[in-house]
Structure formats: structure tokens, C-alpha cells
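Everything on this sheet refers to the single structure shown next.
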């Protein structure tokens, strides 16, 4: 009994947290795969939400709590609801009946698969290139702990270096909001 | 004073006063109107009714039963929840008393037609309301022993109606007695007349023998 | 030294902890770790750090869960009793003393009910919705400081985390509404989501106001920023400032709406859409939805207490002998019961009124409080603002003027022709 206890206690438990990221990581991949494969649109959307959540958890596991929670707040709280509502408000029959121009191309399933593989390969290559050529990769020495007050740092950066882009995005979003309101209003009058 | 939102504050004050007042206000004794049922019971109105029962006179239900098994109520009952079998005596001859008197109160609708139609003031409406059983059938069929309740009980639940009934029965009894007396008197008178006549005839017969 | 001697030793130490109630919960955790270490020594192994961390985390989780579930149970009784009193009734008073065991009876009833799943429902999503609802709700209390040094997860972005997890509720409501395959369910879910998204804006903005002045997003830091007194005895709570009061009221309204409480209970307006997204749920799944709603309500109230009502700080210097965690729960109950009070008073909004109220009044007003807080901060030179007349007058002026303007524009008051007479309340 004691020997068993000691054996279990002697296992390299300290390295466990480094491997725990596999759980959300694999779950994220699985959910993403399911989102593509499932027939039911709502189920796919929910799987997308699951992969968003897992991504947020991965951020948190890397010590980037702020980014992780923003990921949850924005993607789970807002983007996911947008996707779900878009699916909900689009009648299924309408989608099937519409003349999808793509359906006229009688591509074989093999060609479909090839096109998909090509696109994913391009995206993957782009991502890998971005990682390989990023300045961080050059010294490859990540700081063990993030800065003491990452939130304050992010806030300061937002209001100094990136103020102009921030304002630009704000104007863009406001314009989009007003435009959406206008379209909705006209629709209700007619 | 009116400013935006003042109405909400006023409304909140009203409910707050009510909540606090319900604990401390003794001026309105009947403020909390909820009846605490198993401990407090509602005072039923005299005319409130639920299901029929059978009235008996005196102390012995079997002896004092007013029902004569005429089966009028059984025939009148709209949902047909009454079942009566006439009793027989030792010789097998039917007598004016029920052997079986069942009322299925799961069927009874409390219309009181049986009461209206009973010529013997025997069936009356009860005001029990705690009738329940673990079964839909047997516990809700009331048999004669359960149905029989004394005239005193009847007086207890609805004194006005019971007094009127008793007065009617008494009047009927008096009428009957008077009629019987009258009949008896008539019979007696007839008898007397007959006797007198017989005496007269006898006298007439004997008269000639009597010296003038 | 055998096991029982060790146990006795630590039990005595545990009883000794009751001499200082203020540090009792923290010391209990320390004692538990010590006990586990000693127990390991007794068994001949050195207890590894991760095992201690795991066990103390589990104990903490259980303690917080039990606390909030007990709060939920008590709330369900007190709410019914207060509602009844406002309507001149007794309320539940049958089960146990003063009806206090009513939640037990309710729980038994809920557990023994049949768990119905509609034939046309999306079974998997229908099953998952209560889980998705209750998981974030039970996670929310973790970020709150219950007393000085008593916070389970001390994040520097605690408030953001709170709102991020709260966003999971919308997803659950959508799942419940859609999976039930029922028109009332989906209508209720749409209403609920529209309401949650609309009221999250003033809620988050008024929390932002506090973060702006306190200079931190950590709930512990915000609670600590409200410790101390000005003028010698007045509490330095943010609700005592003009901008803080306005933000507190806005946050309170937002919290009412986020927890679907009257007058914002449109998602389950029973006279209109049966029970909204809960229509097709029964038995234990319904109970779980109910629980998530109440625990979420207590969590949001706890955030309100932390942000505006001074968190765990005592209101006056002479009351500081009461342990800080007691103050937190006293304030939490005060806010929760005030929500019942609001519920007895106000009728349900119509959906267009609710939307107008959110977008035309609450949202502009919350931006105004942001402005007023900024004015307070700059006119009073940061933390010194409590004693600065300029800061007080500037922020008070901004808040009051904009409130009166917005109020008169938004609400056209209609006066009833007759004076109402109330039987008992005048």
C-alpha cells in the first residue's frame, strides 16, 4: 500500500499541467471537424461555439487570461449568437430552393476534396510562415511569466500606439450599426 | 414632488408599507385573510351542501329509519348514483325498509333532486367535504351504515331546514292522528248509533209487552 | 503519534480558530493543508504540492457551491414569504419552522417528477441546455471576494471574466429554446437573448465606470479601493458618490434584467408565452434552470456589492468588529431582498418599452456616468477626490442634469385623473 502511494506520488506530476492543454486542444480540433461534417446546421454552429470556448481555454492555459476571456466574451457571447440567429432566421426551405450558382458546376466529389485540401494547405502554410518569420521566433526565448499588469499594458497600448486604428474600427462599426438600423427600418415600412 | 422616476419610488413605498404593516399592524384584525385550513375551518353556510345522507329518528338507526325503499329517489337521480334493494321479512314478503342503500359519491353531482322528490323526508343533503380515498371506486361508494345519520345531526348542520321538516312531520302526524281520531269517532258514533238502533229495536220489540 | 491523536490535535486547533471569526475561513484552509501534510508524514510520504492544491481547491469549490445553493434555497422561501406579505397572505409556513424547509419539499417534488422530452425535440441539445446554463452560473461566485483575503480565484481581470462567463447563459437559453421545437420556447428564447444583449451594455458600462476610478479590473482591488472612511466616519463606498450612485442604479437595473427578474421577466412571461424557453422542461432539468437563475442572480448581486457597496467593508468604523465576510453576506441579502421588493411593486414591461428603456435611457445614462466619473477623477485629482468640492459638484451636476433631461425626454408621465385610495398603506 505504502509502496503504491509512493510510486504514484513519485510520478512526474509537476509536468502534468503542460500536458493538460491536450484536452481543450484535441476537443477544439474535434469540434471543428464536427462543425464541418455535421448535417444539422445548428449542431455545426454549436460545435463552432465549442471550438471557440476551447480556444479561450487554451489562451488562459498560456497565461493570457485577458485574451482568453475576451475570446469568450466576444466569440461565445456575440459572434456565436450572431451565427445562431442567422441560421435560425433563414428558413431551411429557402436555402434549398435558391438557385445556388455553384451547384451548376458539376464537380466530382474528388475535385471538391482536392479544392478543400488546397485551401486548407494554403491557410496552414500562411500560418506557419507567419509563425516562422515572426520576431519572437528568432530568439525563441519566451518570458516565463507574462508582464506584471498585462491589462494595464494592453489598455495603454490601445490608447497610444493603436489609437487611430481603434477609432477607425469604432467609426466602421458605428456606420455598420446605423446602416443595419436603416435597412431594418425601411424593410418594416414596405 | 414630480421628477422622472418618482412614481416608482411612490409605488415602492406603498409595497414596503404593506410588507412591514402585515407584520406589525394589529389594527386590522382581518388583514391576513388566509384561512389556516387544517387548524381553522371555514364556517359553512347553512344551505351549503355536498352529498345526500339518510335521516333516522331516535337512537337506533335500523329502527328509526325513515326511508321506506319506495325507490323514487333512485328513479329521479339524474346521474343514477343511488342503488336501493327492498328488504324482505322472514316469509320472503317485501317490507317497507331498504336492505341495501348505496350512493356513489364519485358520481353524485349534488343536485338535491333526491331530496326534493322524497315524500318521507328521509333523504337530506350533508355538508361534509373531506371525502377522499386511496381508490377511485370502493371508498367513494357510501353504504347504508355510513349514510344513516341521526335527526340530531341533521339539526346540527342545518337547524332551520330540520325544524321545518320536523314541523311538517309533526303536522302530518297530528293530521293523521286527528283523522284517525275522527275515523275512530265516526266508527264509535256509528257503533253507538248501531247500538242505539239495536237498543231501540229491542225496545220496540219489548215495547208492546210494556204496559202503557 | 497515531491517526487519532493527530485528528484530536487538529480538531482542538480548529476549535481554537473560532476565537478570531474574521480570519476563520482562511485559517481553516491553512489548517487543512497542514493536516494533510502531517497525514502524509504519518503515512510515510511527503505530500506533493499538487495534491495539496487539488484537495484545497476541491474543498473551496464545495464550500462555495454549498454556500450559494443554501442561499438559493433560502431565497426561494424568503421571496415567497415577502411576496405573500405584500399581498396580505402568510406565504409558505407549513414545512418546518416558519416554512423554512419548504425548499427540501420542493426539491423532492422536482426530483420525483417525470422528465419529459418532446418527441420532436432535438434530444441532445435539449439535454445539454440545462448543463450549459448551470455550469457558468456556478462558476461566477468564484471571482467574488467574500471577505478580506477570501477570494477563490484572484484574477487581475476578474470583472471581465465574470461577464465573459455570464455570456454563456445566452447560449444556453438559445439551445433550450431551439431544441424544444415549440413556438413558445423559441419566442421566449428570442426575447431573452434580445433582452440580455440589450441590458449587458449598461451593465458592463456601469461596471467600467468603477474600473475607471479604481484603476483595476480585479474585484479584490476594487473592494480594497473602497475601504476607509471620509470625514472620519462616512464609508468610502462608490455608491456614496454621485456617479457611483447613478452607476449603481444602472447596474442594479441591468442585474434585474440579466437574472430575468420582475419587471424584466418577459422571457418567461407566463401570461403571454407560457414559460418561454422553460416550457418543455420538467422535473430536475427545470429545477436546474431555476437554480442557475438564482445562483446567477446572487452572483450578479455579489458583483454589485463588490463594485458599489464597498464589498466586504464595514459601513462605519464602530462596526468593524463584525467579520468582513459577514458584511459581504449582509449586503448580498439586502440587495437580493430588495429585488423581491421591486418584484412586488412593478408590473412586467411590454417588450417595446423594455427595449426603449434599455437603448434610449439606460445606455446614454451609463455613458453619462462614465463622463461624470472622469470629471470626478480629474477635478479631484484621483484618490483625493473624496474631499474635493470641485469633484463632488462637477460629477453631481453632470449626473443630475442629464438624468432630468433624459428622464423628461424618455418618459411622458401620465397622471391618473382620480386619486387612488389604498386600504392599508396610507
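We call the chains A, B and C, going by the order they appear; numbering starts again at 1 in every chain.
Keep this in mind: contacts are C-beta pairs under 8 Å (C-beta built on N, C-alpha and C of every residue); 3 or more make two chains touch, one makes a residue touch a chain.
Since this is a predicted model, take the numbers as computed values, not measurements.
Student: Of all the other chains, whose mean CA position lies farthest from chain A?
Tutor: B
Student: By C-alpha centroids, what is the most central chain here?
Tutor: That would be chain C.
Student: When the centre of a chain is set as the mean of its C-alpha atoms, what distance in Å lies between chain A and chain C?
Tutor: 29
Student: Just how far, in Å, is the C-alpha centre of chain C from the one of chain B?
Tutor: Spacing between the chain centres: roughly 63 Å.
Student: So what's the Cα centroid distance for chain A and chain B, whole Å?
Tutor: So the centre of chain A lies 82 Å away from the centre of chain B.
Student: Which of the residues in chain A end up touching chain C in this complex?
Tutor: 2, 5-6, 9, 13-14, 16, 40, 42-43, 46, 49, 56, 65-66, 69-70, 72-73, 76-78, 80-81, 84-85, 88, 149-151
Student: Spell out the residues on chain C that touch chain B in their complex, using ranges where they run on.
Tutor: 82, 85-90, 341-342, 344-346, 403-404, 406-408, 410-411, 413, 422, 424-425
Student: Which positions of chain C touch chain A when the two form their complex?
Tutor: 43-46, 48, 50-51, 122, 124-125, 155-157, 160-161, 163-165, 167-168, 170-171, 174-175, 178, 186, 193, 197, 200, 217
Student: Residue numbers of chain B touching chain C in their complex, please.
Tutor: Contacts found on chain B: 2-5, 7-8, 11-12, 14-19, 21-23, 25, 28, 31-34, 36.
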